[in-house]
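Going by the order they are written in, the chains are A, B, C, D and E; count residues from 1 in each one.
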């Protein structure tokens, strides 16, 4: 099956819709949804395709200069196949969900156009056969994210949020590009993923231990590339954009800011895991950052009141998990846990990514249904008792929550086991302990959310009058709920070929720790929140997200705006002054002075004339001959 | 008919016109002017047809005159500028007559013919005596012409200044000739060159003489620091006379300078390198002193005077660069080329000024405001003239400057080149200040200004010359190329 | 007679005709449309060829050898295409203006075409100067400021550009003297190139001449620190002039460096002190001007300063000298030209309709003028360097091109510069998105009302935006024109 | 023994004297006289040189011819000059150099 | 010539020249100039340039000075008394004059030309007649043989034999001068014809 269908179909859909949505009106929606469905079918077919690593399929030429080729070519292997399935599947469901959710929005065609653009870009990242192509689509998902977060651009908060998201991602891309440049330089101008892997794998010219190996370079390259993932996957310290991104319509949050785009960073890291494995230091840093993000975000989530923000911090936290897994796998590989790493048959980060995609998308869509039902009310303390009004939503939401918390036999349980397992194997106990703590916190804040929003009695009018969402919204929820349950099992893992890592079972310590975390988390949450009308605990530090936004605001003001002001002033005074105004003034002054010679007085003229004669004679007779002329 | 006959005929025509005016005072100035023009045009035609070699001259004149390429070029040049000046006089007549004796202009038509003859003789002079008498003929005629609009205080003042300073420079010139003669024992250029190639010649005396002589000639071509008279005199003199001074007199000065320098700087000359250095210094100084004060001018006529000084600077720099195997043109050829390009642009500028004066406008920058609205064609032509004076590419003015710069670079005279470049850059400023004024629309209501067909034709021809010389200079270069062979052969 | 001669002559003749009274809009539009078709024809004809094509020469002087010689290679054709496109757009978007707007646009465009399509150093230089005059006049006469202020701005620009041109002239003269070889001076670029290949100069001397040319060409391109003319000039210039000068004419300096300086002085840019100087200057462009742009509080200031800033990237390509980077530089020249012209065109429209460009007075324009917003977004995101639009291709090629020679663990100064320059990409996103946010997002500001342009008035902008998209997705279309090594 | 040098020095001093007068005096007529003095000084130098540049054992008469021309030209110059001065006096009632300072700058 | 005489003549020339420069009354100046020119003419004579010396007196001390005096009288120009003296101009004039004189002295001293004198370069009239041979007029040859310098004849011969063209030009120049004088100083007719 040609991979160009899922790539190009959304592209044309986006193009047609964005350029002509005035004329298309309702047809735009159909085009977009239709293209997502067809893409999904194509991806299903793709699942059956064979690995194609060496001969990348050339889709489009892009840059072709001398020995350098950077083309739009695709790399089909188990990772891209699996990821394609996730992306197109959840994408399709979100498209369908949006049919209902965005029904009343006037700018619906624009929304669907942007959604198609996103599908195109995300597919591009997944299929990318080389880093440059990945970077291209990397930026494009940034654009579509920008457009979608800013869908309600009239709202100042949305306008600011989309800007923030784009700019924060830009900082990540800054690093990503440097990384690409370093690899480009080191690998003789070749950034094909497969060729890079060959170069970095055993026996390759850049591999650990080979004469061409340079530790600091490899670390630098790995960390630069990782910076890209930090931006896109919203890792500390660039995590600040993701909670704000919840300003976008909820289906967008589900698709982009939970299931797929933010996971692209993890996907990319897994793609370049050979690089991370080549640099132990980088692996440790990556694992540390992932772990730190997971814990920080979980702490912040405990004190959020906006339903979507809770989910957003939860996403952050889970992404931290995945990133930690990437680092941990590399560390474990060094420690000799050979089976843990690599590819066969799966990577724990990817495993968690897949399962997370299903249940988190489902949670977001669920929250969307809730928000929709409550007339765009997002504060959980203004909900309550929704369990009765929205039973389907409640049940699906509960399944998602359970899966996220890692309740045994749900998908999240398996994947979290895998992540904690590899953290355990990494040899760094801190990672494991922090991971377990995060798990406990996760259980805590999700239970809190469920209790406050769905149990008890309605605390506001809108919650009171909430009714179940329409079918187009329920259906995707249900489907995703099913997948949230089964995606940890071979039913799905086999066709995706990439799912369950072999050692999920068998780590006693890990199993005990995660169960313990679950029980502690759920228990304390029930204890604290059951039947409460307002938050019984208030931790300012967590509620205010560790004041990151404030600190960053100061940094931006000082390092950018104030600096810009100073530089502008200096530029005006010195550059313009020294290069332009001073010489002009000097010339003008000289001009004015020479004009004084022309005073109109004849005596002056005769004096100058006579003086000129004497001067010339002096020059010619006495000066020049001595100068050796 | 020999060239000399034509020159003499021209002078006689000048005298004849005077006589006609004296005995038939009511003859219209138009008739007089057109006769003078016709006579000069006829002279030009005859000159073109006449044989162009020294042997064709009458025997008695041959020791003093030569007809080399340079001479032929400058003679033709003198005829052309005379025709244009006569035409310009006709254009300016309506307001000039207000300032002249009894409202007459007869001498304004006859004296230029005599001046023209004088300049033509200067062009072919072989010795300093001939130079002196021809130069003085021209100078004294100009004393009269500058002060001609004697009822105008400006014209009179210009006359006085030109007179005193001119006489001073004549004194310097003669003193210089005396010392050159003393040092070399001869006054013919060939003899001087020969003597200077002789190491026995007293170098100090030769240096002193040539320096003083160059000072005297420098005055005529407006070289710094002998240029102070130029702005005052150009501004005060009647516009046609200014044009004549600026183009004709300057060209004549330069042809003499070229000949003198050919002698001073001939191969093996004991003073060649000093003179070259002097020229570089003076040339650079002239270019700068012409450009810098011009920045603040509000009188366009005075601005053109400064521009004329600055152009003299480039020409002096061109003279400093002796023959190089890499150019088709000798330094004299470059000067000639430059002057040929300088002619149409300067005359066009002055023609514009004259037309404006004749239409009741002044010569100030503010009078130029809105010219594009009054008469777009005139504005376009003036733009062309100023662009060319500034040295904008694709106009005649650029190539001349380019040759000068090329020569300087070829000789490695970086200091002088830098000064020239600064001067040229400043030039851009003041020329385009004027151009800008022409296109400015805001401000006063502007009555239209109409041109006669004949004026249009003359101005158009000049503009065309600017463009053609700017984009297709090959023919002109071909004419001047012959000269280099002669110089090299010498 | 070559098609290029027609391409050069057409706008100039049209300008003359309009000045002498031909119907301004019809004549100008007709000429530019035909011109665009002719350029496209030439582009298609050139196809994957290498070397000069469509050559034709008319000698006008024997020694020094000067000839009106036309000829085009890929680089010139790309820039000619840029000129034709921007000229058409600039002329099309003129509304209710006197004929001088058309005349000046045609003259600037014609001059630029002449500069790009002739192969004689003299004419390359001359045509550029020709185009500067109308630029100057238009800023001074029809600029968007008080008469005294716009005149001052025009003067500043003109003095800078004039001085730069003269320095450039000195450099070119030096080149001609060095490379004419034999006994004859020549201005023919091909002859000079051949001589440069036969008898290359010592590196140190190449460096000196290159630096002189860099200063000359650089001031025309607003190379830091010779840039302070650019921002006020563009902010003040009438819309078509801003479009044409920033979009097209400014590229002349870069074109000159690529076409003249680099082939004749291949080692010039690599002499250590020259390279270091260039690096400092281009970093000045990118980082200093990036910050200055961030500080701007009006759209025209932002655009003008950003245009200065982006020149730094092109210089980065030129400094590298590698095949990839140089071609990237050409692509970026094209891309920047199209995108900045688009932005200035839209900015001019905004100024006409709203009367202000202050960010704190604007807002929410997207609500009433969605098509306008989309078009602006094309320009803005192109200048940010978003993939899919041409600027990205150029920038990335420049970046990559600087890393073709690589030693792990020892980055060259240029490579460090690239890394710093990458931060500029972040900065450009900052100011562009700020601008976009304050103009189009948020709730519509009171008292400001703007509607989408009529369909016929959208055409020029759509043309430019479509160019960005097509060549952005398929930069090989342009690269195909540059098969030969630069 | 009187040498050419003596004459040259006298000539030079006369020339310098004339220059001093031209610069220092305000009366245009006197300035003009000083100019005549300078011309005569130049003539003295010429005659001196011609006397000692023997051609066939005689003074060089080409130089003396130039002196002859110079004197004639000077006479003509004086005539024209005085005419201009008269015209000036008529319009300004003054022959002071300071009366002609309108053209300047 | 006796040095004493030379110094006397030089003193007359320069002394009266000095009076021209310093005299307050224009008439004094004009008369001093005439006296100075007489001294100069004497110096010409001492250089065997009899014709030039005579011309100097006739044209300069005679015609030109009369013209000057005439104009001074005609315009009734008063002395400069009462007018304030331009002090800087005087200082600078003196300064430049001293410099110039010094330069000339230095240059004269610095060249071996200056060493020539009547003793080292005597006129050789007899040889001259032989050398000139037939090229010269018989009267000149006769005078030369007689040991006299036929100065006027030689100048005349040179002028008319070689400088015919220049004489014509000078004639034209004088004519131009005449026209100029008329144009510039003629009183305007009170009413136009």
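The criterion applied here is as follows: a residue touches a chain if its C-beta (ideal position, glycine included) is under 8 Å from a C-beta of that chain, and two chains touch if they have at least 3 such contacts.
All values derive from a computational prediction rather than experimental measurement.
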item: Joint neighbours of chain D and chain C, given as chain labels; value: A, B
item: Pair sharing more residue contacts (C-beta pairs) when A-B is set against D-E; value: D-E
item: Central chain (by mean CA position); value: C
item: Far-end chain from chain C, centres as C-alpha averages; value: E
item: Chain whose Cα centroid lies at the greatest distance from that of chain B; value: A
item: Computed distance of Cα centres, chain E from chain A, in Å; value: 102
item: Chain B and chain D: spacing of chain centres that average the CA atoms, whole Å; value: 26
item: Centre-of-Cα separation between chain C and chain B, whole angstrom; value: 42
item: Euclidean distance of C-alpha centroids - chain A vs chain C, Å; value: 35
item: Shared-contact residues (touching 2 or more other chains) in chain B; value: 129, 133, 136, 140, 143-144, 147, 150, 159-161, 164, 168, 172, 182, 204, 208, 231-232, 293, 296
item: Multi-chain contact sites of chain C, meaning residues that touch two or more partners; value: 159
item: Sites on chain A at which at least two other chains make contact; value: 595, 598, 600, 602-603, 606-607, 610-611, 613, 617, 621
item: All chain pairs that touch each other; value: A-B, A-C, A-D, A-E, B-C, B-D, B-E, D-E
item: Contacting residues of chain A [partner chain C, same complex]; value: 18-19, 22, 60-66, 68, 70, 132, 135-137, 139-140, 143, 150, 153-154, 156, 158-160, 162-163, 166-167, 170-171, 173-174, 177-178, 181-182, 184-186, 189, 212, 214, 216-217, 560-561, 563-565, 567-568, 571, 575-576, 578-580, 584
item: Interfacial residue positions of chain E with respect to chain B in the complex; value: 103, 107, 110-113, 162-166, 169-170, 172-173, 175-177, 179-180, 183-184, 186, 188-189, 192-193
item: Chain A partner contacts - residues on chain D that touch it in the complex; value: 19, 22-24, 26, 31, 97-98, 100-105
item: Contacting residues of chain C [partner chain A, same complex]; value: 156, 159-160, 224-229, 288-289, 291-292, 294-295, 323-324, 327, 364, 366-367, 370-371, 374, 381, 386-388, 392-393, 396-397, 399-400, 402-406, 408-409, 415, 418-419, 422-423, 425-426, 429-430, 433-434, 437, 440-443, 473-476, 479, 485
item: Chain B to chain A touching residues, read off their complex; value: 160-161, 164-165, 168-169, 172, 203-204, 207-208, 210-212, 214-215, 218-219, 224-226, 228-229, 231-232, 273-278, 281-282, 288-289, 292-296, 422, 426
